[in-house]
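Next, two complexes with chain A in common: one pairs it with chain B, the other with chain C.
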Partner chain A sequence: MAQSIEAVTELSRPADRGERLRRFVDTFGPFITVGAILLAWELMARQQIVTPFLLPAMTTVAARIGDDLISGRLLLDVALTLYRAFAGFAIAAVVGVALGLLIARFVTVRWFFDPIVSFALPMPKIALMPIFMLWFGLFDMSKILMVAFSLSFQIVISTWSAAHSVEKELVWSARSLGASDRATLWEVVLPAALPQILTGLQVALPLALIVALVTEMIMGGGGLGDTMLQSARYVDSPGVFAGIVEIGIVGYGCIAAMGLIRKRLLAWHQESSNGGTM
Partner chain B sequence: MSAPATAVPGAGAAAPGTGISISRVGYEYRPPRGRPVLALENISLDIKDREFVALLGPSGCGKSTLLYLIGGFMPLQQGSISVNGRIVTAPGPDRGIVFQSFALFPWKTVIQNILYGLEKRGLPREECRRRAQHYIDLVHLRGFEDSYPSQLSGGMKQRVAIARTLATEPGTLLMDEPFGALDSQTRTIMQDELLSIWRRSPMTVIFVTHDVREAVLLADRVAVMTARPGRIKALVDTRFSGAADSAEVVRSREYADAVDHLWTLVREEAVAAGAGGRP
Partner chain C sequence: MTAALMLWRALPVLILAALWETAARTGLVSEHALPALSSIFAALGGLSAGDLYYHTARSVGRGLIAIVAAIPFGVAAGILIAWYLPVRVLLNPLLQCLYPMPKVALIPLTIIWLGIGDVSKITLIFVGALVPIVMAAFNGARGVDRTLLWTARSLGASEVRLLWEVVLPAALPEILNGIRTAIALAFILIVAGELVIANDGIGHMINMWGEAGHYPGMFAGVIVISAVGFAADRAWVALSAWLTAWRQ
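The block that comes next holds the complex of A and B.
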């Protein structure tokens, strides 16, 4: 008996080692990659392969980010940009999801909105920025609405197709259990389509940041985009690079947060229970 | 619960305004792409109040389609269907259905799935809980109340679906191969449960199955459908369902004869459907 247990542990050891290595790579792999890139950056700048103007040293940029952080400017910029991006995103999400569901459920709504959505979807929405500036001014309002407008159509489409592919028996079940048409829409179609709807929102989120940044670059009024463009105007290359790193980190944080929200909302879903074996 | 413990006899005309009356129903699927498929043709069938009818037929002959039409899920194209005197136009809680594909709400736990219909009935919370628990016990799923459907086996999901529909105690029960995913022991247990529930409550049942023995054991009458387009090929009185002990029924001579007779009818159609005999 004791012998056999020993044999089992003996056998499991190499597998254990492989497993431990895998876990190590899983946790620290990204840090290693990022570290290597930062190191290469620093070396390239130090060796003067390119001029400090074209590529300031990583440490210089890091020091700049540190300064911005201490002076409070960084937090203010991040807050402004995120406020505009998220306010626009929220409007687009509410409008887009609601409209997408209604289009999928009611033929009359579809007849009305289908041509509008089909026309607006492929259009580069940013082309309307001058009009938004004329109508809504140069402050937060026009930026937020620009973000909302840029995102809405694709959220409508992704929600629509999500709702459309909900198993019809689910809807019928609800109806035969006594749910009204309206209750069925919000209590059955919405949650059933939620995984796909969230995927659509996850795709739209980076676009919210992009549009917020671009509107800031064009209209000014603070925020990461505005600051970056100012730095470029003053030929302040560390400032520009600091801005790029900052927006990169902010974007990464947003995606990570969205991933957590998804896990939370879809605790019932298979993708959560089998721990993402892909 | 005060209902008599005997089955209503299967003979005699249905009283007007009760039971299910299906008259000259046809149905053609018209997919947006591809050729239309004629699924049902000229189906007429009268089912008495509290009768238990089994529907047999080869795969793809339109059994599910017929149930969907009675359920009111799809608009009727031809003919008419009325349930307890009311023309069917839309789904309603008077007709409970157990889908072939279970159709559980995957974001709800077992007990939440079962509570959904009860809450829609507007029953008080306590009563909802009590009834949900009763039906969970009935399908032997105690201990799985808080599991999500994705954590259950196929047979367990099927039992949740059965409990969810039974819990609302509908006057008409439409079941689409409700025991298809169960092992034979669980199946026998569930058959007995279903029969005893049906005897106790005023319920008309239409039960789709591929299993000839099951059909004969449970039903007052068995309707055999033809290969597609589905028509009613034969209506056979079986009525072992009133008997108290199903184990005894299964051993009887009449049972074996009825199974034999129906088996021949079904096999002809299965061959016609090109599907080959299906046990």
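The block that comes next holds the complex of A and C.
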């Protein structure tokens, strides 16, 4: 009978072994399983268990990615997609954080935007894409604005709740020491709310990539989404699989980069709090 | 909430609606760029309204089937990954590959594997909805209070009963939250998948009307699917509150 992982206590010897095994699995397990999946993929394709159209061999797909890389098309596509995703993300971050802070600070702003934001938040905003195409055309403008629009409300909400949950004592202390509105915002509220704001941005980032890819699939104009949909249209399945792998790697890279940036920004945050205790 | 208070809360939305109507009526913006709100509402009951509701129902049906299928699979997978080492070794790397992957990247794959009909759309939404549910169940099951487990064990609870009667209820709030994320993602995938290519469904209809220049219909479609997405989210929040009422 399988022993549950959590059942072991920290002190006894088998627990120690369980802990070590668990750490080993957490570190190396992914490589082993991914290796096994890749091997099974290659074997299944080579043995023609399914047709090469439905499942091209792993090596074929890898060769395709290599070709894309050498011809420079991959870099161009990645650059286009990332440009659209990050331009939209940047707009949404600036607008969303600013509006979130304003909502948390001013009652009138809250009164006006609360119903609008809470109505727009659960809406599938991607449905507005044909409207954005109508208004802003088929090129980068509509794609970037679509990304920005899709993310903004989420960022507003997370910033608002972050600013709202800043300890009142901090704000009161700053005020009683004569800090102006602006100083309170920049030097107390924003740093204190930063971890939660960053969490909101981290949640929003994958969505930026999703929306950028969909806009490319629908409107064309280059980028990973466009290239992949073209491959599907020309029943070029190695191209489709190469696209999936490429997008997966880009997505993983974005999330990892965001984690690093967070560590940077919050290292400063923790340093300052450590310094404060001394 | 009293009527006056509700009106006060809804006032900003009404102001925006009034501005929209005036801007369109006075010709400040072209009616092709922004049809008047009244003509959009007219489209909700006009000649094309039958199509509108039929295609919305098709889309919602697809989403519903996929979500209902994803919930048991996702919850079971998440709890088992958190609970048993072999399952974790087997499934966790798969999950880690799928998690950062933008699920819309699977649209072309579902097209070449399964075509452009119901099966391809439902599979896409199923996979997309599965990931947040698995993650939520995994995190929820991992965070179960150990004292609860020790108590249940010492009282002689079997492994199955432990999972069913201790772990699942303890992880429930997180699971419900994960399903909420999954529902939001499902709507994105429904509409995106249908906008890219489909034979029917609201995304397809919005696209067709946009291309045909029937803009009131297009805006009406956007409003209907947005309203459905909003209602689904609110309904799920209410259901979650009801399901976790015993916690208070």
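Heads up, the rule we're going with is that the second predicted complex is superposed on the first by the 237 of 278 C-alpha atoms of A that agree within 3 Å, B and C clash if a C-alpha of one lies under 4 Å from a C-alpha of the other, contacts with A are read in each partner's own complex, and residues count from 1 in each chain.
Criterion: a contact is a pair of C-beta atoms (placed from the backbone, for glycine too) under 8 Å apart; a residue touches a chain by one contact, two chains touch by 3 or more.
Everything quoted here is computed from the prediction, not taken from an experiment.
Q: If you stack the two complexes on chain A, which partner ends up touching A:194: first (chain B), second (chain C), both, or neither?
A: first
Q: Now for A:83: first (chain B), second (chain C), both, or neither, which partner does it touch?
A: After superposition on chain A, A:83 lies in contact with neither partner.
Q: Can A:175 be said to touch chain B (first), chain C (second), both, or neither?
A: The answer is first: A:175 touches chain B but not chain C.
Q: After lining up the shared chain so the two structures overlap, which partner does A:136 touch, if you call chain B first and chain C second: first, second, both or neither?
A: In the superposition, A:136 contacts neither chain B nor chain C.
Q: Can you tell me whether chain B or chain C touches more residues on chain A?
A: With both complexes superposed on chain A, more residues of chain A are touched by C.
Q: Do any residues of chain A touch both chain B and chain C, and if so, which are they?
A: Of chain A, no residue contacts chain B in one complex and chain C in the other.
Q: Would you pull the chain C residues touching chain A in the complex into a rising list?
A: 9-10, 12-13, 16, 32-33, 82-86, 88-90, 92-94, 96-97, 100-109, 111-113, 142, 144, 146, 149, 153, 159, 184, 187-188, 190-192, 195-196, 202-203, 206-207, 209-210, 215, 218-219, 221-222, 225-226, 229-230, 232-234
Q: For a test of understanding, state which residues of chain B touch chain A in their complex under the given definition.
A: That would be residues 68, 71, 73, 90-93, 95-97, 99, 101, 103-109, 116-117, 120-121, 148, 150-151, 164-165, 168 of chain B.
Q: For chain A, which residues count as touching chain B in their complex?
A: Residues 167-170, 172-179, 183, 188, 191-192, 194, 268-270, 273 of chain A touch chain B in their complex.
Q: Considering the complex alone, what residue numbers of chain A touch chain C?
A: For this pair, the touching residues of chain A are 1-2, 4-7, 21-22, 25, 29-34, 37, 53-54, 111-116, 119, 122-124, 126-131, 133-135, 206, 209-210, 213-214, 217-218, 224-225, 228-229, 231-232, 235, 237, 240-241, 243-244, 247-248, 251-252, 254-255.
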